[in-house]
Each structure stands twice: as C-alpha cells, then as structure tokens.
Amino acid sequence: MDGWRDLRSVIDGQLDPTVRVQRGLSPLNKALVFLIFLAVLTAVLETEPEIAAGHQSLFASLELIFGVIFAVEYAARVWTAPERNSSVSPWRSRVHFALSPAGMLDALVIILTFAPFVVVNAAVVRLVRVVRIVSLAKLGRTSRALDHLFEAVRSRKDELLATAGLAAVIVLFGATALFWAEGAMQPEKFGSIPRSVWWAVVTLTTIGYGDAYPVTPLGKVLAAMVAIAGIALIAMPTGILAASFSDALARDRAMAEANNAPRTTAEAD
Amino acid sequence: MDGWRDLRSVIDGQLDPTVRVQRGLSPLNKALVFLIFLAVLTAVLETEPEIAAGHQSLFASLELIFGVIFAVEYAARVWTAPERNSSVSPWRSRVHFALSPAGMLDALVIILTFAPFVVVNAAVVRLVRVVRIVSLAKLGRTSRALDHLFEAVRSRKDELLATAGLAAVIVLFGATALFWAEGAMQPEKFGSIPRSVWWAVVTLTTIGYGDAYPVTPLGKVLAAMVAIAGIALIAMPTGILAASFSDALARDRAMAEANNAPRTTAEAD
Amino acid sequence: MDGWRDLRSVIDGQLDPTVRVQRGLSPLNKALVFLIFLAVLTAVLETEPEIAAGHQSLFASLELIFGVIFAVEYAARVWTAPERNSSVSPWRSRVHFALSPAGMLDALVIILTFAPFVVVNAAVVRLVRVVRIVSLAKLGRTSRALDHLFEAVRSRKDELLATAGLAAVIVLFGATALFWAEGAMQPEKFGSIPRSVWWAVVTLTTIGYGDAYPVTPLGKVLAAMVAIAGIALIAMPTGILAASFSDALARDRAMAEANNAPRTTAEAD
Amino acid sequence: MDGWRDLRSVIDGQLDPTVRVQRGLSPLNKALVFLIFLAVLTAVLETEPEIAAGHQSLFASLELIFGVIFAVEYAARVWTAPERNSSVSPWRSRVHFALSPAGMLDALVIILTFAPFVVVNAAVVRLVRVVRIVSLAKLGRTSRALDHLFEAVRSRKDELLATAGLAAVIVLFGATALFWAEGAMQPEKFGSIPRSVWWAVVTLTTIGYGDAYPVTPLGKVLAAMVAIAGIALIAMPTGILAASFSDALARDRAMAEANNAPRTTAEAD
C-alpha cells in the first residue's frame, strides 16, 4: 500500500508543475507539452486538403496514438488527485478534480478525440480541433514570465479598460460619421452603422485590408481623422504597459538595493 | 417639505456620481449606463436593413421606452439641481443646469428621440443616432482611470503637438513628392496634392488600404522613405506617453516611500 | 538715426524669436506663421483641378498678395540683420544673412513666387510649391518641445541607427528570400531583389497595400517570418524612444528634488 | 623575420576591430564595410532585368574586382591569425581560423563569387547573392549599440518568449475560428487551418494585404476580436522593450551618481 502511495507521490511530482522545487517543467511535463504541440500540429495539418489527401489512415493512427497517451495522462491525474488535496478522502479529491474546469477540459478533449471513430461528422471533428488547441494553454500554468505579463496588465487594468472604452467610442463615432458620409455612395460597405463598424475596426487597428475605404472627399477627411485617432489609441495601451513593466523593474531594483544597502550613518556611530 | 428635501437628496446622491463616497457608480447610475448602452445598440442595429426589416414596430417601441426613461431621468436631474448648487435659489440652480452643456445635451437627446414620431425624416433620424451616442461619454465623468490618461496626455501636450506638427510636415512633403513623381502616371490618385495627402495619411498611419500606391521606381523610393518616417512618427507619441505614464507611477512610488520612510539620522540623534 | 535704430531694434524683437524673453512667438511671428500656413494651403488647393478650375485669377491674386508680404518680411529681415550680429559692420551682417541658408531659402521662395508671372511653366510652378512648403519648417525654430524631441532622438542616436541597420539587413534578407521563393511565380512583383525590396518595406512597416504578396506556401512561410520581424522592428525604436523620454523626465525630477532637498545631517550638526 | 612580424601585427590591428583602442572602425575596416556594401548593392541591382540588360560585362567585371579584393582580405586574415591566438603554433591558429564559422563564411562567399565563371547556373548565382549579403552582418561585430539592443532583448527574453507564445495561441485560435466561420464561403482562403493561419498572421501584425478577409457577419465579428488582440500583442513587446531600455538607462544613471556622490556624513566626521 505504501509502495503505491510512494509511486503516486512520484508521479504527481512529475505531473503537477506547482510542487516542483527546481525551475522549469519536469521531464514528463516537457514530454507532454511536446506531445500536445505535435497533436495540435497534426490536427491543423489534417484540415488542409492538399496535405491530408491520401494520408487519412496516417492521420487517423496519429490521432489514436495521441488519444491513448492523453487518456493515460488523464487517468494518472485522476489517480494522483489525493496528493494535491489531502484534506478530504481520496475518492472525494478525485471527483473534485474530475469536476474542476481543468479536469473537465481534459476529459472533453479525450472524448472528442475518440468521437470521430464513433460519429463521422465533419462539423464536430472541426470543433474538436478548436477545443483541443485549448490544451496548449496548459503551458501557461508553469510560466513565471506569463504571470509577470498578466500582473503588468492587471495592475493597470483600469487604464487599459478606459483606453478600450475610448476606442469603442471612437469606433462608434467613426462608423456613424462614415455611414453618414459614404452610406449613399457605397451602401454595401457603409450602408448601416454595423457595416461601417467593420471598416472602423479595420482602420483603427491600422490593418486596412482595402475591402472598404471612403471614396468621397468628405469621407476621406473623416476617415483621416479616425486614422490619426487610431495612432493615439495604439500609443495609449503601449505606453501604459511600458510604464507598468518599467514600474515592476524599478520596484525589483529598489528591493535589491534595500537588501544590499551599505550600513547607515546611525549604525556607523 | 422636509420629506421632499430628503427624497431629493437621496435621488441626487444616486444620480450625481461626484457626491458618492464609495468607489464606482451608484446602482442607479449603473442601470442608466446599461440603458444608454442598450439605446445606442438599438440605434446602431436599426440602421442595418437586414436586421431592421420587418421589425420596425419593435424598434419604434424600444425607442419610445428609452425616450420615456431618459425623459424621467432628465426631469429628476432638473428637480435635484438645487442639491448640487445650494448658493443660489432652487429655481435659479435648475435653470443653470438646464442651460449647462450637460443639461442641454440631455434635453437635445430627448427631443431628438421623440422627433421621429413628429417629423418622419430619415436624414434627421440618422443624425439623432450620432448625437445619442454622445450620451455614452457620460461614463467618462465617473472614471478616475480616464482622468489619469488625460492627465498623462496633458502633461506632455507640447511634445505631442510637436509630433503632430512633424507628422503634418511629413504628410505635406510626402504628398507633394508623390504628386510630382506619380501625378502624370496616376492622375486619379496622385493628380493633385490634396489627392496625394489621402495616400500620405493612409501610408503614415500604416493602414495601407491599397486604393493608392506608387507604381514607378522613383515613386516607390519616395514612398519607402515616407513609410519609414511613418514608423518614427508612431514610435514618437508612444514613447512620449510611455514616459509620461512611467513618470506618474514613479511620482506615486516616491510619494509612498516618503510617507513610509524610516526616521532619519538627525532624528535618531 | 537713433530713431531708426530704435525702430530696427523693435522690429527685430518682433521678427527674431530667439531674443524674446516671454514664452511663445511674438504677435508678428504668429501672424507670419498663419500667413505661411495660408500660403501653403493655397498652393496645395491650387493643384486640385476640381477646386482650381474657374478660380485661376483668385489663386493668382492670392499668390501675388502672399508674395508681396513675404518680400516685405524678407526686406525687414535684411534691414534688421545688424541687430542680430553687432560684431561686424551693418552691411556685412546683411550680406551674411542674405548668404545664410535661412536667408537664401527665404529669397528662393520669393523669387519662385513671382516666377510664374514671368515664365509660365507648370513643372516649375509645381516645384515652387514643394519649396514653399519648406517655409513651414520655420515653426521649428521656436519650438522648445521640438528641441526636446530631437534631444531624445539624438541621445539614443547609436541605438536608433543600429535598429535601422538591423531593419536594412532584414529588408535585404526578406527581399532575397521572396525573390527566390516567388520570383518565378510572380516575376512582375518578385522578379528581382529591388522589386522584392518594395514588398519587404511595405511589409516590415506593416502598411501592406496588397499590391504584392506571396501566393506559394513557401513564400507565405518566409513572409510570415518577415512580418513577425517587422513587429520587433517597430517595438525597438518605440522602446528606445520611450526609455529616452523617461530618462529625460527622471533627470528633470532628480534635479528638482536636489534643489528642494531637506538640509543634510552634516549641516544639521 | 621581425619585420614580417611587425607588418603582420600592424595589418591585424587594422583588420581585427576588437584590438583597437579608439572608438569606431579602423580605416581599413571602414573601407571593407564600404566595399561589402557596394558588392551587395551590385548583386542586388544585377537581379533586376531592366538594369542588368546590356550591362552584363560591367557587372561581371565588378564581381571579379570584388572577388579579388575579398580574396586578398581573406588571405590577410589567414596570415595574421597567429596574432589573434598566440597560445598555439602559427599554422595551427591559421587552420583554426579557416575552420571557424567566420572563416568558413568568408571562404564560402569568395568561392561562390568565382563560381559563376566556372559553372554558369542562374539558380546557383542567385543563391550566391543571398549568401554574400550575409557578409553585411560583419558590421555587427563592431557595434556597441547593437550589443545594447541585444542585451535589452536578452534580459527580458522570458517575457518576450511568453508574448510570442501568446501570439502563437491567438494565431491558432483566430485561424481556427475563421476556418470554422468562413471555410465554407471562401475555401481558397479559409478552407483549412494552415490557410487561415496566413490570414491570422497578416491580421495580427496589422499588415492587412487584403488578399484574405472575412465576408460573413460572424467572420467579421471574430476577425475584429483577433484584430483587437493584435493591438495588445504589438503593445506587449514594445512595452517590455521600453521597460528594459529604461531599466538599463536608470542603472547607468545610478552608477554615475554613486561615483559622483558627495562624501558621506561618516566621512565628514
């Protein structure tokens, strides 16, 4: 019984990135990340007719292999769940994990991996791919750098939301202005505010596909104003994030200086 | 009489975000913001023929409901005006509010909401929508984050205007250069400086719709120079704003440090 | 004689922005800046056939008026030149000014303003416009904010040049890669490295007109790499400028703190 | 023998930028950089049929001249190799250099320069050009500013990689969403995830060629979300780099202040 417990503890140590003392992922988690990457790549390439044509059995085999591996991983995570929550009974902690968002996502991906062999439905298979890619987000759990990024965004959340609000107001005003100026000339592209909103988003993000653009002098003057506002709207969040990252670095430096500071005058006395 | 005064004070406390002690909007203001958002969404969707077709009566009813709610809100704001300005007589403060920009905008939006029932004129109705969206700006009154953004922009106003001036000079030079290099080849697009200015704005903001671009080698060399200048012009305001936000954060940190600083050597003696 | 000298000194004080004690431009210089702006706008609009058609005499009159005003300004600048350089004889300082770059540019603009009345040559007239716009740069002389911008750029010149060098290398490599991958498929657009360079510049600056883009899978993979490098190349100068502006603000703050610092322990003894 | 050694030392001092005490490149290295630039320009222009047509012999002569000069440079570098590595015998150090990446690149460029005279093969000649441009990277060896840039990137490597990871996830999700929403309408452009990935990269980098864009309302809503995510993804690395550059400048300033600091109270006692 103790032998099983020791094995369970070792496997959990490999599966759960949060219990690890060393920096980085465990070898097992690195292998799983690599496999998820391969599974996503396979799912992506399978959608391309020029690549998939004539290799259906190869792709089906690959999916089967990935499905078995991820099913084993899921079983191991369920089995080792008591290691991560020792305050309740083993089976309770397993049910907890199975009903947690991470556990249900894992189960969903596995079920959808095997679904094509049961129900041959192209539309469902497509959705499977979308969901399976979510697995990649598992990488996020382990990354300290990602936490830094999210922390920098979170600490300036209000300013970033205010910028987003300003952007939304400019999109609405810009779309209304172009609907008014170009609606009669180009009804297909500016004939309603929702249609103009597509133009406003493509312009404010400076993408500019060229599927919709003003042709009248008045429309061009109004569009130029929206375009210039777009520059300001890109500069705003960039500046906010730059300041937030700078602030985090300055705090780190101040903390390091405080720890390494020379003895004070008072102490020297 | 005192009962009315108490009610007036309570309603004003809900309507006026500046008298609120707690952070955030009052429940009444939150509901009003949500209603303004719905009213704007309704006005936007109503312009789309594919959505509005066959639902004219639904949209008319929605507009009537929104109109009545905003009229009641306006009446409440007029009635509670003395709470916000106790130095003059109640009726004077109400007239003050009605003639203030905020009060006149509110009244205008309400009048224009009911106008379609009086004068059925598509052009006016369209303009109503534009004006009504302005109501969303009310959100700005309550947002401290927006004040931070505006403060960061205001404190670097001179540098940002200088960048805008540089951008204007580059637009003029770029447009003149392309008018000279491509005017004869593409008279529709580069046949005058104003026409070339449209190309220059679309290029400097890196939108690049693709409706106008140089085709001669000389035009392409000149356009490449304008394009590279465009990168510099986007980098400038972003850098200025980043520095301004950083500066504000550093000042906040320095102030916090000054308050938490250990007793100085002199005091220790 | 002294009366003339006093007048000369007063006029020079109005014309020369560097001798002014107060902030901003003198009323005379403000009027001149406004006139230059009007002259540029007139010159720009005159090139647009839809605006100029039927108004030739109006535009000719405007040009004559602007020409006379700028000629008077030039004469005043020559006359007051001794005020700005008292170490040499009055006439020497006037010749100095007339041969200085600013003086020669002023003279050139005036000569070219009157040229159309002598030689009616559309090509020359066009070039006159280009040169006349240069006058707007006069604004730069007075702007302290512009000096701040230039100082921020100058202090990080090496890093910005290194970024430009990196960008040039990526343009060359990207253009060569696409020339190799797409040259045979789209000879008009990628049939030589210079042709591909146009694509690379339009892509790296994220303009993307859509006149040239890869169509083969290999070309798209290579182009995606260039596109991602483009994001890095835009981030680089922005980050450098943000740091430079931040540094200038931090220095200003440190200087202000040093001036307002409380007396030190040593002084307190 | 000593005379040869002295000459070898002098030539090495001119060729090897790392032994130079003064700032900048030696005159010989400046000339070589200029020649490499000319050689690259020649190679680039030679690929353009409109320029090369009728000037084949001119371009061939230029290539011969550049080839001879770079061969002499290579021979000099081999001969002076002992100066740069005095711990082993002269011939060993020469073999070391010849087998080092820099030495092999130099040799490869020279061999490929003369190859066209031996094997007349357009495809090989094209590749020669690609490789020869690599020589420009030699400039990087000497640039301190480039080191600053690379250091700023390296010190924030984790955050930049995390941003790249986020970008990859958004590209995958965006491409899958558009494949699902637009795949049936535009199979040529969104008919598989790899095809949609091209659209996602062009959109997230805000290039927007206009070769692929959504046409259905659902596709436009999803694309707008990807476009807005693109702004965030451009803001992230810019903000990280800005903070990194700022941090480097602040460290430099703190170091300068520490060196110039007034004597401390303890010393004053």
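By letter and in written order, the chains are A, B, C and D; residue numbering begins at 1 in each of them.
The rule is short, and it goes like this: a contact is a pair of C-beta atoms (placed from the backbone, for glycine too) under 8 Å apart; a residue touches a chain by one contact, two chains touch by 3 or more.
All of these numbers come straight from a predicted model, not from anything done at the bench.
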Equivalent of A-D within the choices C-D, A-C or B-D, defined by over half of its residue contact pairs recurring: C-D
From subunit C, the most remote chain by mean C-alpha position: A
Distance between the centres, which are taken as Cα means, of subunit B and subunit A, whole angstrom: 30
Computed distance of Cα centres, subunit C from subunit A, in Å: 42
CA centroid of subunit B to CA centroid of subunit C, Å: 30
Residues of subunit C touching at least two other chains: 194, 206-210, 234, 238-240, 242-244, 246, 250, 265
Subunit B-touching residues of subunit C, taken from the complex the two chains share: 40, 43-45, 47-49, 51, 126-127, 129-130, 133, 136-137, 139, 143-146, 148-149, 152, 194, 198, 201-202, 205-211, 233-234, 237-246, 248-250, 253, 265, 268
Touching residues (chain side subunit A, partner subunit B) in the complex: 158-159, 161-163, 165-166, 169, 172-173, 176-177, 179-180, 191-195, 197, 203, 206-210, 213, 217, 220, 224, 227-228, 230-232, 234-236, 238-240, 242-244, 246-247, 250-251, 264-266
Subunit B to subunit D touching residues, read off their complex: 206-210, 238-239, 242, 246, 265
